[in-house]
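Consider the two complexes below, in which subunit A is the common component and subunit B and subunit C are the respective partners.
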Partner chain A sequence: MHPDLLLMLLADARLPVAGHTQSATVEAAIAHGLTTHDVPAYVRTRLQSVTLVEAGTAVVARHAALTGASVDVVETAWAARTPSAALRASSRGQGRALVRLAGRLWPEVLPGLAEVRAPGRATVLGVVAAHLALGPEPLARLIGYDDVQTVCAAVLKLAPTDPSVVTGWVVDSLPDVDRLAATVAHLEEPADVPAVGCPQIEAWAEAHARTSRRLFRA
Partner chain B sequence: MPDHHSHGERHTHVHPRALRLGVCGPVGTGKSSLIALLCRELAGRLSLAVVTNDIYTDEDARFLRSAGVLDADRIRAVETGACPHTAIRDDISANLMAVEELEDDYGDLDLVLVESGGDNLTATFSPALVDAQVFVLDVAGGGDVARKGGPGIERADLLVVNKTDLAPYVGVDVAQMVADATVARGTRPVIGLSRLDGTSISELLSWVEATLDAHRTGALVPQDPGPMARHVHAHEH
Partner chain C sequence: MLTSTERVGRTRIRVGASPDGGRCRVRSTSAGSDPGASSLRAVLVHHDATGATISLVPEGALLLAGDAIEIDVTVDAGARLHLIEPAGTVAFDMRGGRARWDVRVRLEEDAALTWAGEPFVVAAGADVERTTRITMANGAAAAVRDTLVLGRYGEGPGRVRQRTSVSSGATPWLVEDLPLGPVSAPGLLGGHRVVASVLLLGTGVTADPDRAGADRLDLEHGGHQWRRLGAQAHEAALPDAWALALDTVR
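Now for the complex of A and B:
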């Protein structure tokens, strides 16, 4: 079977991992003044910061799973580069949903994650990708693409506009997704995971975790 | 959480995990109040937990916590990303994780109540999420709603016609509304409920206890009320 098919499966919003509960912090961003006009810039900023960390983590976790190195050390490296507790909690919630699904579909991936108490989404995706023989670059593209789509789909719920315009933003961001993949695809060591946070996104994520009015989990 | 009992547990309960009971129905029909009522009446003898699916706030979870009928930590809110229907039907992951977390945190749970974010008449729970479900209507929503039917009205395990004490003020004939619902549901039960009517509350509690017993003996088989109404009438879409 061609690995592209599994990549499509993992990138599909219909994958039952509660993706519909996620906004990639754009709900908080809009609540704090980000306008629809700013969304393409928001997407670009994520791809150069928090999402780059996620993609680098997934690629290094994949490498660890393939070489027998510690996946837990990769998870720790990710956590150290994700200062917002809200973002870590959100990623771990998504990781749990993915473990739940992967454990049913490919139980062989579970031992590779056993040493990590509550793995984040990037770590889980890395280990799953290793099992499914997905390459590092496709894996990184998956992380980048999913992030862009999560933002854009949430914007259509929060501030509806012509969906073809929003899909145009996704298309426009694809070269940035490619650049992100090229930046992290060769990484192997936990120390190599990019350490580029985005304080504004982290602050919004923290505010979102504290509000009592929200549509999206994070 | 194991789905099946081990042989060692067979002599006690066939189902070692809690009964998962869904409560759904349109906005404002009294789902949260019904759950608060169940907690108040049952918390003394059963170990309970609640998962709420608020649409845009944690209002329902806060309402239940402030009602003080259950330890606040036993009430957890799940966000649905403006997709309350999806969260109880096609991608139940977020709800299942919340239920399982509660079951992990409180090993002795007897009953987990899952409250849907109020939705339209077509929203019912997946049988993969809940073992049984209650569909809640109220008299103030109009006397003709039960007659219109829909999957929850026709085939939920229990239909509650709530706030019967308001009937005189909204010009609804409760007996007729319950009769319409009964026709739509065949042998499935209907309860006309009012928080001011002790008999109706006893009826509800008896149904919950019988359902819990059926769950424990393995007699309860989760049923999908389905996404569609049984009959298509000209006035429905």
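Now for the complex of A and C:
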């Protein structure tokens, strides 16, 4: 199987992992005053902070799965870099959906995750990528690209906007996605996972988890 | 990293439990790499059988280009240390230079630390590496208050790379890297210039007054980080969370 095809499969919003329930916190951001005009900057901020942490975690989890190192230690490193319990819970919800799907498609993936009680999405994607022979750079691009698309697709549901304009934002962010991939692709050690936090996104994510007035789960 | 243009001011504080039921043992030293180096003097404010209160008093103008402040704190098993600061710190315009501020804290078994940090203001043109590393043994507890202000009133933000890590044994509890500057700060802080935080480590709270609860991040391995963003330091203050954290550790 060509790895490009597997990458397309994993990046496809039609993958049954409930991607449509996620807004990458942009719903909370808009509720707190972010305008559609600010979305490209919001995307950039994510790629330099929380999404960088996710991508670094996935790359290191992939390396751990390939070398027989502990995947749980990678998960612990990610959790220490994710101080918001709301963000950890939403990642673990997505991780659970991915584990369920991977268990059907590639059951051999599951033993690699057995030591982790509730793996987050980045950890699961890293272990899946190891099994599918996806390289670290494509894996990091997948995480970055998916994050951008999650924000932009959610914006279309939350604020009336021309879809072609929004797709333009995605295209404009691709060099940033590539930079993110280049930053993390060589990482191997859990301690080296980037730890750039985003206090504003963390605060929004916590507020979103407490509100009942929301379209997206997170 | 020591560079030839750096002036290092090192402060070491070590508090140990009383060996004979009398007052606890307190040792502190302050030393500069050269006579012009600024440093923080550890002034013993209070001292009894259960713990010590020490004020970190700046000696010389702080914080200027080339300053390297190192603060090394060890609290031995069962001992308690309360650190206070007489005033906030301003990192001034460094005109292309840099400074660093390194804090290392080691808490042995059942040790307790409270650190009532005052605002750390990064003036426009300042460039600071600010690192805090805390290691916690079993049963240790800490409450640490911090207020980071980007720019004095009416000016733009300076540059600060603020790294925080807390670990226990081989397990990281909190690892955070905030590269804040004129370009990154608007996104990372949502247009705010003040980040106030209260860390409560090694212990947790069960009941939390509503006003403090909204700002609380619950860390994976127990403990909390209350955090509030604001335009002014008083807006971002966390008095309820700090009172709660102090009560929990005391």
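Annotations for the structure displayed:
FYI, the second predicted complex is superposed on the first by the 218 of 218 C-alpha atoms of A that agree within 3 Å, B and C clash if a C-alpha of one lies under 4 Å from a C-alpha of the other, contacts with A are read in each partner's own complex, and residues count from 1 in each chain.
One rule holds for everything that comes next: contacts are C-beta pairs under 8 Å (C-beta built on N, C-alpha and C of every residue); 3 or more make two chains touch, one makes a residue touch a chain.
What you see is a predicted model; the values in this text were computed from it and never measured.
Three-chain overlay on subunit A, with subunit B and subunit C fitting side by side and no clash. Of the two partner chains placed by the overlay, only subunit B lies in contact with A:214; subunit C stays clear of it.
Legend: residue contacts after superposition of the two complexes on their common chain; A:202 is shown touching subunit C, with no touch to subunit B. Looking at the superposition, the partner that touches the larger set of subunit A residues, subunit B or subunit C, turns out to be C. When the two structures are aligned on the shared chain, A:41 is found in touch with subunit C, with no touch to subunit B.
Once chain A of one complex is fitted onto chain A of the other, the partner contacts of A:49 are limited to subunit C, with no touch recorded for subunit B. Legend: residue contacts after superposition of the two complexes on their common chain; A:80 is shown touching subunit C, with no touch to subunit B. Measuring from the middle, so to speak, at the Cα centre of subunit A, the directions to subunit B and subunit C differ by 120 degrees in steps of 10.
Using the contact criterion defined above for the overlaid structures, shared-chain residue A:103 touches neither subunit B nor subunit C, since it reaches no partner.
In the superposition on chain A, A:22 makes contact with subunit B only, while subunit C stays out of contact range. After overlaying the two complexes on the shared chain, residue contacts for A:163 are found with neither subunit B nor subunit C. After overlaying the two complexes on the shared chain, residue contacts for A:3 are found with neither subunit B nor subunit C. Across the superposed structures, the minimum distance from subunit B to subunit C, using CA atoms, reads 20 Å.
Remark: subunit A residues 32, 41-42, 44-45, 48-49, 76-77, 79-85, 88, 191, 194-200, 202-204, 206-207, 210 touch subunit C in the complex.
Against subunit A, in their complex, subunit B makes its touches with residues 55-59, 62, 78-83, 86-87, 90-94, 96-97. Considering their complex, residues 14, 16-23, 93, 96-97, 100-101, 154, 157, 212-217 of subunit A touch subunit B. Of all residues in subunit C, those touching subunit A in their complex are 163, 165, 171-179, 184, 186-190, 192, 195, 214-221, 225, 227, 229.
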